[in-house]
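Okay, so here's the structure we're looking at.
Residue numbering begins at 1 within each chain, and the chains themselves are lettered A, B and C in the order written.
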């Protein structure tokens, strides 16, 4: 069986600096795969290349047999690979509900002109979008803050809003950028549950970049470890926990990143 | 079908009554016939301002609308005077030509954001003026004058539009034409903003990165919006040229571009009808201050500064807007 | 060839000074100062009044231009920009305010000085003539030298004084500067005054060559915007490069294309657009300013 998404020999250089060097791994359908590594290991850069937010210097990303690297973000999103951002990247003056509605525009059946004239299909769409937004927000446990303006939300809800916006586009693969950063234990556990249900109930393959080791160990099917732009290990959580290179990389960097 | 509430509908009705019946009545009673020209100008400038407002809706500050108004005025004048087209066909042609120029210029400059975009659009106004001076077809500094008034249009002998040249009161005819165009413009703008395209624009205004991550083709929408915006500019400019029966390189200058922007900001950027109100207040205010002679500019700019100082979020932010609130 | 080079240096040094003031204000407060050209014109009129009308020595008149604009800039910052920046939901409101101020200054100039073109007596007579290959009046050379000295002095101020360091910190990161104990309000005012002063100084210098009139404000602002775009907004080296490049382009264009009139600016604009399409942040700017 071919994997859903393949990262093939991807390299990224900024001037003389190598952010990612010859990284390869596969993502199977319906798995939760985490990319971890100390600060500056090149995790975020890798995510940006997968979502085509930045071009690769060499190598490519293949999704369902098609190359998705070095395209435009919106084209990759339309193919079903959608990234989320850290909490500051939101639609500030939209409500939670509005944000989720606008993110569904790819599902629209009516044309832009149809919307302009208020055609039947457009009215159908608008109703369907609203209904799906309600449904999605309920699924994510966000019904109560549905009409809050995004800029007024606390950090934890913003993170969830980011995921809601991503999910509203109906993705096959969701790339989550540090979903647990800055959360306390309870919040993290809630988020772990949420991410898992996204995979289990919505059939979305999840890739995430994270610092929080316990959460990653808890949630991931497989883990890819980066250090200084290189892939140093890949495997199940228990394999990673016992991998000497990984322990060395983490002890060699900032100690308190483990178990944060 | 357009999903208006009854309150909105009555607001629109009052507004339409006011401009089509109320204003002519008042002018007839007071004998201030010069107000027709002022109000016609307001309507046309409001059309161009609507375009500036729309570019703001995708998060770009457009100080180049004077350029597109000038382009529209010249295209219409050239088509009428040199090619012999009817004004009514030259009008949409002027809008389309302005939109085409916007697409070509927009491809490189719409990637710029913030002050960069603002600055380059400002420079653009100056450049179109210089182009008009340099090109042979625009007659250089002499411009194009003696543009005939719009001729009548009839289909199968049924007159659709009257011949302006044969009319006694062209002022009223131009006033009605400008008002109708303005209403079409704002109705279009209102629908646009409240349709899917509008929502996508809003998402781009707030965060282009996030918008593209949810699959919005941001560069395409930017071009489409800039083209529509410039279409409005071209239409407004062409109509202006027709009323003045002349167009010069100085017909629309950098100061006009700045004024279009001021109209939008002053009316309030959060409201579709903001630019209309902003244009009315600024242009009418300017006109009323004419009596103060050489102090006109001083008073005008002082009032402007005070408004910005104490109402930095626009006139409609204190909610006295009436007649079609969003 | 020598003539074009000399003209380029002459124009470039003036332009760089105008762009420096604009970019300083932009870097500090994120304000696009539409009134910059008007400030330049006021500087010209002040020198005209003191030197041309009352016979005060030229250098003293220049100092008066600087002082007037510095005070004007400080007042505008303190009583208009600072409160609007605090009270507005949108950053763009400052643009509106700047436009209002530009109109206001135009009105003030109109009331005090009228619409006529004004000139002053030459500061030095005579023409430098090198074998008819390079002809340059002495007053232009003097003005050019003064302009270059001013730029050097400005860079020195920014690099080596406490004020300069505070201004640079403020330009880089407002919040961080505040945390470091920089008095943000005070230095915003000083920076704005300094930017306005530069505009006034160039105005005072150039009145001896080109004279001054009401209509010069807007076009000057536009040129300043172009320079800032070429070099990159908010970057000092960018403003200097932008000024020099525009100065040279104009000198070359006017020399080669003079029979086509205004086509030089058209070409400059088209090249600017192509340049910005490739490099939106300008020569020295950070991406997205």
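Quick note on the criterion: a contact is a pair of C-beta atoms (placed from the backbone, for glycine too) under 8 Å apart; a residue touches a chain by one contact, two chains touch by 3 or more.
This one's a predicted model, so the numbers in the text were calculated from it and none came from an experiment.
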Chain located farthest away, centre of chain A as origin (C-alpha): C
Pair of chains with maximal C-beta contact number: B-C
For chain A paired with chain B, centre-to-centre distance based on mean C-alpha positions, whole Å: 43
Distance between the centres, which are taken as Cα means, of chain C and chain A, whole angstrom: 47
CA centroid of chain B to CA centroid of chain C, Å: 32
Set of chain A residues in contact with two or more other chains: none
Touching residues on chain A, where the partner in the complex is chain B: 51, 53, 72-74, 77-78, 82-85, 89-94, 98, 101-103, 105-106, 108, 110, 112, 115-118, 122, 125, 165-166, 168-169
Complex contact set, residues of chain C against chain B: 26, 30, 32, 34, 80, 83-84, 87-90, 92-93, 95-97, 99-104, 106-108, 110-111, 218-219, 222, 225-226, 228-229, 233, 260-263, 265-266, 269, 272-274, 276-277, 280-281, 288-289
Residues of chain B defined as touching chain A within the complex: 1-3, 191-192, 195-197, 199-200, 202-203, 206-207, 209-210, 212-219
Chain C-facing residues of chain B, complex: 61, 105, 107-109, 111-116, 118-120, 122-124, 126-127, 130-131, 133-134, 253-255, 258, 261-262, 265-266, 269, 294-295, 297-298, 300-302, 304-305, 308-309, 312-313
